[in-house]
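Inspection log for the structure reproduced underneath, given as structure tokens.
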Amino acid sequence: MIEFKDVNKTYPNGVTALSNVNLTIDQGEFVAIIGLSGAGKSTLIRCINRMHEINEGTLTVNNVNVGKLKGKQVRDFRRKIGMIFQSFNLVTRTSVINNVLISSVPDLSAWRKFLGIFPKEKKVEALEALDKVGILDKAYNRVDQLSGGQQQRVALARTIAQNPDIILADEPVASLDPVTAKVVMDDFKRINKETNMSILINIHHVELALEYADRVIGIRKGEVVYDGKSEEVTQDVLDEIYGSLDNVPKMDDVEEAEV
Amino acid sequence: MKEPIYDQIFKPKTYTLSNGKEVKQRASRTPLVLLVVLLVTVLSWEATNVDLSALRTRGYQFVIILTDMFPPNLNFLNNIWGPLFDTIQMSLLGSIAGALLAIPFALLSSSNIIKNRILNGFFKLFLSILRTLPTLITALIATFVFGLGTMAGTVAIFLFTLSYIGKLMYEHIENVDMGAFEAHESMGLSKVQAFRYAIVPDVLPTYLSVSLYAFEGNIRYAAILGYVGAGGVGLLLDERLGWRDYPSVGMVLLILMVVVFIIERISEYFRMKLT
Amino acid sequence: MNKAVQLQLDKEPNRKLYLSTIAAILIALIIWSFMGVNITGFDQRGTQIASNIFSGLFSPDLEFLFDFTSGGGVPSLLFETIAIAFLGTVFGSFLAIPISFLMSPSIVSRPVAFVTRLVVIFIRTIPSLVYGLMFIRVTGPGPYAGVLTMSLTSIGMISRLYVDVIENLDRGVLEAMTSMGCTTYQKVRYGILPQLFSSFLSVTIYRYDMNLRDATILGLVGAGGIGAPLIFAMRSYRWSEVGSILIGLVVLILAVEIFSNKLRERLVNG
């Protein structure tokens, strides 16, 4: 369970990214977070695994106060939370399986960590994760030989191999074509149903958000302006979240600069 | 915004379109560039006493030396092996040592790895200055410090390799996509682990390829180092050219060519595999 | 474990043999090269000289370093070096233009390209010092020999880089021009030359940067430039003079490198 209580976040340059966020997300929910670029979507999910710090309020994940964690505790905490990125963030010059195996690095003995030699059971786990997203046959290909959709599924496999409770996805389909985007969204949906992992997705495509998510959170200028079932999102709600066209933020907005 | 001086002297042309819009075309810089190039050429011509008629009247001397090299003196082959191996050994050892030491230097110079501007700046400047020194001059200095022989040549090659690989690698490391590093941190890896698994696999192929390329080039450099007494076939070249024993010079050059060719092919093969 | 996973696991490429073979060869080569090189440490004399060079660097012969008259100060020697490298690069780049066209497989037939390539490899392998000595026989000692040497040695690399430019020409422009009904002459004049010009210039500036470094060593064989005074100063242990020359050299090459990088950036970005 993820719980935001009066969370505020201001960037050092004075821009408010989150203001007074109160949210409770239960285990196994599929949540889409929508809003304009720069509204604070990215900040919101990055606070959950402490890639960003919050300034005020408390954020609890599975009864752990995230703000209080230190050093190794942060790293152990992050292992239970998967993260997917818009640009996949894979090591492109190495093989698919090597990317997936990275999730098991913290478990290895020191010499294995250094040499990058993985035990057989870890390799089996990695291959099984690849099997779950349907690209088992690409295991020994180099990542830069794969298409964008395949790369995002490698990233997904890397996260599954972590066996997390929560998956955070930051614009996972923004760099993909519409058909591939659906395939990846289907993967998310299936994982959510089969494993009961909570899934939080930042997403630009409103139609995809409404189609796949059970719950939608709308953010505008750092504030939660809508929180409810996806079926109940109306045109009025969308106008509230996105405002009129005049409010479209510039490209050099906070979020772009920070990420 | 203030216009550059050049545009103030040579006013931009103005065109008026049929719909009343005005478009300004800045005067071309080409005449200025050509003028500067011409001026520098004339000055250089004066300074270096270039005299084309000398080339016409005495140019045959060059051809004579060239033809004297053929056929090469095959009997000289036995004298070549020793210095040739010295040359290869010097460049191999110097390249490997330089490539290894270049790793910490490149890391210390990279602003995305070591977040200390002063330290980065210091090491970048050091590598730049080291790179300006021509290998032959480093070798000359090294012969004074280490005495005549292969040690001086190895040190010169070592220093050049260090600066060359160091600079190329920090440029590469600074341009590495940090996305994977971020992803690994989000998975609970420590910074050192994330570096090992995100940056190293990305940089390693380039590092190996650059090192091979440096070694290729070093063989050429090593061939002339003997000229200042730093060991290798350069010694032979110096000696035989002094004696005007051109057939033997031809033999040395021929062998050198073959060796360089073979090493380039091998290194090219591995560099192709690395990319 | 399901069957497909097991199957994939068995397919894992085994590179152990390959990697260990390479490692073994590499280690053998390192040992071999250690045997060849006489590792001598600093002896007393060496340390003394090293410290002399350092003190020379920190207390250079200022009069020599800032002697702007035409007779033998560091500035005039550096100017001579600059001039050698400049003319050498200009001549070399002009010579390289026809050669590079003869080397491009997309312009001439493959055998011609191959033969030209061989000739260029041949020219490239001969060390510049050897050319220097050969040209001295033609022109007598002095900077002129240096210019000729630079011209010849720059051909190899410049033409190789020119070939890359020619082979990577954007053919889309030509297609567009054909569709507009342009003649061959028009296509060459407006489609090819503008593309070639800035790239060729960029290559030439890059080579100038390198030639400057090489020009400094030609003095060692008497082909002009700052190399000869350096070696004389060292042989006669005038360390403050050595310091002045080295400082001048480093400053000059750094300045030219920064300047040429800026220039090439502007050429590429228009």
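As written, the chains take the letters A, B and C, and residue 1 is the first residue of each chain.
Throughout what follows, a residue touches a chain if its C-beta (ideal position, glycine included) is under 8 Å from a C-beta of that chain, and two chains touch if they have at least 3 such contacts.
In this text the structure is predicted, and so the values were computed from the model without any measurement.
Chemist: Hey, how would you classify the chain contact layout here, line, ring, star, complete or other?
Modeler: Shape of the chain contacts: complete, all pairs touching.
Chemist: Could you tell me which pair, A-B or A-C, is linked by more C-beta pairs in contact?
Modeler: More contacting C-beta pairs are found at A-B.
Chemist: Comparing chain centres built from Cα atoms against the global Cα centre, which chain wins on proximity?
Modeler: B
Chemist: At what distance in angstrom does the C-alpha mean of chain C lie from that of chain B?
Modeler: So the centroids are 6 Å from each other.
Chemist: Taking the mean of the C-alpha atoms as each chain's centre, how many Å separate chain A from chain C?
Modeler: 49
Chemist: For chain A and chain B, what's the span in angstrom between their mean Cα positions?
Modeler: Taking the mean C-alpha position of each chain, the two centres sit 45 Å apart.
Chemist: Okay, in this complex, where on chain B does chain A touch?
Modeler: 177, 179-180, 182-190, 193, 196-198, 201-202, 205
Chemist: Chain B touches which residues of chain A in the complex?
Modeler: 49, 51, 74-79, 81-83, 85, 87-94, 98, 102-103, 105-106, 113-114, 116, 155, 158-159, 162
Chemist: Please name which positions on chain B make contact with chain C in the complex.
Modeler: 40-41, 43-45, 47-51, 54-55, 58-59, 61-62, 65-66, 85-86, 88-90, 92-93, 96, 128-129, 132-134, 136-137, 140-141, 144-147, 149-151, 154, 220, 223-224, 227-228, 234, 237, 241, 249, 253, 256-257, 260-261
Chemist: Can you tell me which positions in chain C touch chain B when the two form their complex?
Modeler: The touching residues are 29-30, 32-40, 42-43, 46-47, 49-50, 53, 79-80, 82-84, 86-87, 90, 121-122, 125-130, 133-135, 137-139, 142-144, 146-148, 213-214, 216-217, 220-221, 224, 227, 230-231, 234, 246, 249-250, 253-254, 257.
Chemist: Would you mind writing out the residues of chain C in touch with chain A in their complex?
Modeler: Listed in rising order, the residues are 1-2, 4-5, 8-9, 11-13.
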